[in-house]
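Listed below are the structures to be examined.
Next come two complexes built around chain A: one with chain B, the other with chain C.
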Partner chain A sequence: MAYLFNTPDDIQSMLETIGADSIETFFEQVPRHLQLDQPLDLPPGLSEPELEAHLRQLAAVNHGTSSRVCLMGAGVYDHFIPAAVDEIASRGEFYTAYTPYQAEASQGSLQAFFEFQTLICQLTGMDVSNASLYEGGTALSEAVFMAMRITGRHNRVLVLGSLHPEYQQVLETYLRNFDCQLDVIATPDGVADVDIVSQALDSETCCLVIQQPNVFGAIENLESLCQAAHEVGALAITSFDPISLGLLKSPAACGTDIAVAEGQSLGIPAQYGGPYLGILTCRQKHVRQMPGRLIGQTVDRNGRRCFVLNLQAREQHIRREKATSNICTNQGLLAVRATIYLALLGRQGLLDVAQLCCQKAHYAADRLGELPGLELMFQQPFFKEFTLKCQGDATEWIDRAAAAGFDLGPDLARFPRLRESLGDDADQTLLVAVTEQRTREEIDRLVQSFASVSTHSDTPQSLGKPA
Partner chain B sequence: MDSSTLRYARSHEWLQLDGTTATIGITDFAVAALTDLVYVELPELGRSLAAGEIFGEVESVKAVSDLYAPVAGEVIEINTGLPDDLDALGEDPFGRGWLIKLAVTDASAADALFDEAAYRDHCQSAGH
Partner chain C sequence: MRNTLATELIFELSQSGRRAACYPDCDVPQQPIDDLIPAAYRFQDDGPGLPELTEPDVIRHFLNLSTLNMSVDTHFYPLGSCTMKYNPKRHERLAGLPGLVDLHPYQRTCDQQGMLRLLHDMQDMLGEIAGLPAVSLQPAAGAQGELAALLVASAWFRSRNETRTRVIFPCSAHGTNPASAAIAGFQCVQLNNSPGGLVDLDELTAQLDNSTAVFMITNPNTLGLFETQIEEIAKRVHDAGGLVYIDGANMNAIMGVTRPGDFGGDMMHFNVHKTFTGPHGGGGPGAGPIAVREDLAKFLPGPIVSRTTDDNGYTRFELETPANSIGRVRSHFGNVGILLRGYCYLRTLGPDGIRQAARHAVLNANYLKSLLADILPVPNGEYCMHEFVASAANLKDNRDISALDIAKRLLDFGFHAPTIYFPLVVPEAMMIEPTETESKLTLDAFAEALHKIADEDPEFLHQAPYETPVSRPDDVKAARQPILSWSTDDGRDSL
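Our next item is the complex of A and B:
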């Protein structure tokens, strides 16, 4: 894509075209009291070497996953990213954030998104995937809106207490100005009790929102939960972990109507708040209620294969307030990364990654659970992540591990929405996620660092914070 | 069907009354304005509709339009073959392209709708 200059000459010529003789005259239309009548309060400019040194200094304060051992969970994970992902995704042709507005002019991008949709459908077993949304939380909220439109039920959403609390928070924000009740079913056992969920579902409920594996890492009885939703005519929405599908039964096979995900695990580095990748898939019969961009394959007038945007008539630039969503773009660059990642791994590769995660996570859980002062919070099957209950304050254990070079967590006390499920244990619980990147040696060292503490004292509360 | 015997809604639906049963479709004018049709969604049997209520939608390559009930009533029949045969709607909107039949709540409500001449004026004056 061409770089667009903004030289003084360009500015002058634009000003002349619109009949303003200076930037100041141009801004006169802004009321006087709203104009800043002094220069911006910024430090003086830096030379290039000074700037580079300054940025290097700032960057050195960060601790990335390459310099430390990351066992952090709750939605973002330290999976391996093959070098080819960066190499291909950083090609100039792909290096743009969105579908261009003249979408069909970018056949290469559209083809990549079409491949993305195909791979995501193969992964989930669902009929249709869109070309991606911003991230997991908004994808989930869009799925709930879809369910409202499909069922015609706009007044009640049922959510499991084992849903990621930040996804729930995003959903609450989306629903704030609607006359819609959001009910949460607490999950004190770490997974939902299907009978309790069944009792809570009624003919007003538009959907049941499930996360698989859930925020505690535990595996829900997805099939029964979907069935319970269907019994009252509600849709089942599942937020899944893409990597887990190397081992777990697919959302489609379990009866999910709309499956969504945070796609960060698919070749996207862990970074402050994103950018990440929203995945949204559904059944064919619901495709017309699906938000976002949908790429289709067709032939041009010469019979050659080409790619187009489908169902555009439902997007906001045409259908205004009745559009399926006010998001009508996709997370293009990151969808390309996920496409490359999945294509590189293939079916067997994904299965291998999932198996490694699962085996290593179970090894870590066994070893950590044996330590005095630590135990597994829930006796439930899990995939790559589990909840530890600590003697004393969980944050002290996290700090202790951090001092030894291991990042665990987060502690679950930081999520007020989880208190209903965790009760008084909330302050004592933390998440541990183990990806294929972790080695037995790393896990043993972590256990060792805790064990050496335990032998010195039986009361972790008395431990000082690491310097 | 003879378009001169029909009643018309401002939103481009037509209605033919037979006793208390109303057959409802969209007009040739609406079909022409939409261009190539790709999808139509019709209501469930037995659904009860208020006058002016949205009962479905029709989608073309250019736009999606809601379908409005010209009068109140209960859906007693649906042109079930239509979603798979949109040409019927494109080619014969007053005949094979009918959408639904309603058991109307109040047959006299149809009197408030346009007759053909008034509807054609409406199409012209609306600047279509």
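Our next item is the complex of A and C:
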């Protein structure tokens, strides 16, 4: 039997020590009629070789970045992951430990998390980072709750229409049972109009939620937006792309009060949506309103520097219903991955990645944008991702790219919440993200494949979906 | 043996001009950056002040750091309520397969059919284990599963035009229960346990009325006891018009033996990182899928994987959001990497293996409990389920040895400490969960260490541990002057 290590002799001797006849004795507290009288209806157990063959079979049906060139985006990006990240994160000492309640037995994790907090502060310019939340969407929701507690304004949240629609959905869910109005300002130009945002802000507004770069890939005037929020006493919450900070002005320098992020770009594989890494940072004065774990430095009884779980009086295991969040298990191992990733890149590495993404994305945008049937949706500065407007249905262009060995997208029609900003063009738009991994040859080949079809017909033809 | 230089903070190891990761030259025609992004949007100083290290610096640093941890791979880790069972290595290899690890969440569904089949079958397996057929895999951890299910409950009541405002739970509940209830907009009502450690039926009944929304209960409870009156509890909650939520943190005791849906639960969450071997990752990630009654299914968070047969008889898997869904509780599908490991575990064990795992977990706990009965008695229950809460109150009273002292000293013997001071209903609580993947040999050695400790000099124990990299950190100092990130003037010189 898999993963059971007591021999029949062991079992007998254990039962004798206990003074029980059989294992059934212990289960007498479960009323007899509630106990299953037949096995669960589940498939039979598999040996390791059988399991591996089964998983390989399932994996072979999928098409990931190992079989196609990935130019997909919308918050999840195909950045290069150095081998050292996997090597360290696959140490059992890291991945089979749990929450570091016993500091003496957990200095490895605790110090790594303290380094994570520091790196994220260095990256963002913010004062404090916690030790991780689930992912970008919940990090944003937690930031909004924080803003409510800080401002005492519980009735209105203002969100830009250029926010990732799934993050907006998560926020809607978290606010379901609160009497709080969620107002969305459409961004038909691809970025927010600061004047319109200013007019929409009022003294009831708890916070303004901004994404930088936004879901269309475009760069918002973050500084002016933060300023507008502050003018009515609201907080500015920014959801940022960590890699963009190798080029863009930091959230702190732009005036952000709470900066959150999806940390997937920092050495975490796409793995169909998770586990990823929620990042949440804030100003020093708001630290006691933060959700999640915080690691602090202190000294031990011999005066040695060490690290502990800190300010736990905010957390659910102490404060219960008055806690700043219900989070317990977080994304520790992903925070370790991000720490290793940033340590490997260092300042220059991050700058290089950001520059490469930016140059290659602009090259791709220029080349794709000049093809018949394709154009850039917005005339706005962008970083590594841009929105294409296609002639015809965007999903047909995605199908054509896939047939040529490329993954583009997502198409934006799949997000009903973006329709207000995209209008009638929604069905014709898709995202293209270009990371440092893409080469000129790949981009040229994609352009070529589109061009060769375009020359044969005026409208794109569906090539059908592969089985 | 310890390399203390390597475990200085990476910021202290940093040396200007060093780097690990190098990238190729730009192979597209470069444009002046000012033409691409206005200067006002870019930083004008040196940018983020990240440390500068070589790859060997980084490797040596983190590998040495890793040796400062206890972990399931290296130590017995009987942390109660956390189910620290062995994490099979095969899962790590399989979760890393191309075609699984490299799938972008927005890939076309025709490109994800293998993954969707896996997730669909995972939904079915969890539904079967729960005895509750409708499953959403989306929640990222147990606490988020609680929140999602409570939002489902509130949507269900709303659909019936009922206003129910109160969530009830025993005082021995995990802190996440009330914290989740608060975010879901409910008032919290806490019950005292009966003297036997179980739910006090009379006290529960006194609190039930038409404002009762949900009764949350962990079963087996946090004392490691099965709530023998669970059917009657559920009946009374249902009679009052409420729903019963089962916190599945302790499913390791009962999987394949009894099912929450069969003993009156309407909703539950699983902790895939506990019960189904998703590794705990130093604090996460987890996965907290929820299973609910059929009539609650339409409110579940989505997407959910559905199975259809097309006109040609081919099976297809699609993503669907239930009709009256509470919405997303997170971006993308879920913590798929952890769900996938749970899938591997369930496929390895099969129905009999799952039941046997629960039986052996309960055997190991009862064996350890009996070995410790003379020094660390268990106030509640004759036999326990997969864990037990012993009390060091006698040792505290007679010898001034606290649960904390014992926990710290255990580290010197090479054992991770149990959960201590939870639940609060047991004085000097030590919550011990050995799991089924430990052998008699380990349990005997652990019990022997505890007996030695019980005989040690209390003064000596107050200073323990001695063999660990650090000992008794000053938590008060940490909280009073929080240092939450490294800076060049962190006062170390004065240490």
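To be clear about the criterion, the second predicted complex is superposed on the first by the 401 of 467 C-alpha atoms of A that agree within 3 Å, B and C clash if a C-alpha of one lies under 4 Å from a C-alpha of the other, contacts with A are read in each partner's own complex, and residues count from 1 in each chain.
To be clear about the criterion, a residue touches a chain if its C-beta (ideal position, glycine included) is under 8 Å from a C-beta of that chain, and two chains touch if they have at least 3 such contacts.
Predicted model, so just to flag it, every value in this text is computed and none were measured.
J.: Output check: A:Pro188 vs chain B and chain C. Expected answer is one of first, second, both, neither. What do you get?
T.: The answer is neither, since A:Pro188 touches no partner chain.
J.: Give one of first, second, both or neither to describe whether A:Lys322 is in contact with chain B, with chain C, with both, or with none.
T.: Both partners.
J.: Tell me the contact category for A:Gly405 with respect to chain B and chain C: first, second, both or neither.
T.: neither
J.: Given the touch rule stated above, what does A:Arg314 touch, chain B (first), chain C (second), both, or neither?
T.: A:Arg314 sits against chain B, while chain C stays out of touch.
J.: A:Leu123 in the overlay: touching chain B, chain C, both, or neither? Say first, second, both or neither.
T.: second
J.: Examine A:Gly369 and indicate which partner it touches, taking first as chain B and second as chain C; both and neither are also allowed.
T.: After superposition on chain A, A:Gly369 lies in contact with neither partner.
J.: Looking at the overlay, does A:Gly392 come into contact with chain B only (first), chain C only (second), both, or neither?
T.: Neither partner.
J.: On chain A, which partner touches more residues: chain B or chain C?
T.: In the superposed model, C touches more residues of chain A.
J.: Chain A residues touched by both chain B and chain C?
T.: 313, 318-319, 322
J.: Using the touch rule from the top, collect the residues of chain A that touch chain B in their complex.
T.: By the definition above, chain A touches chain B via 288, 313-314, 318-319, 322.
J.: For chain B, which residues count as touching chain A in their complex?
T.: 39, 41, 59-64, 66
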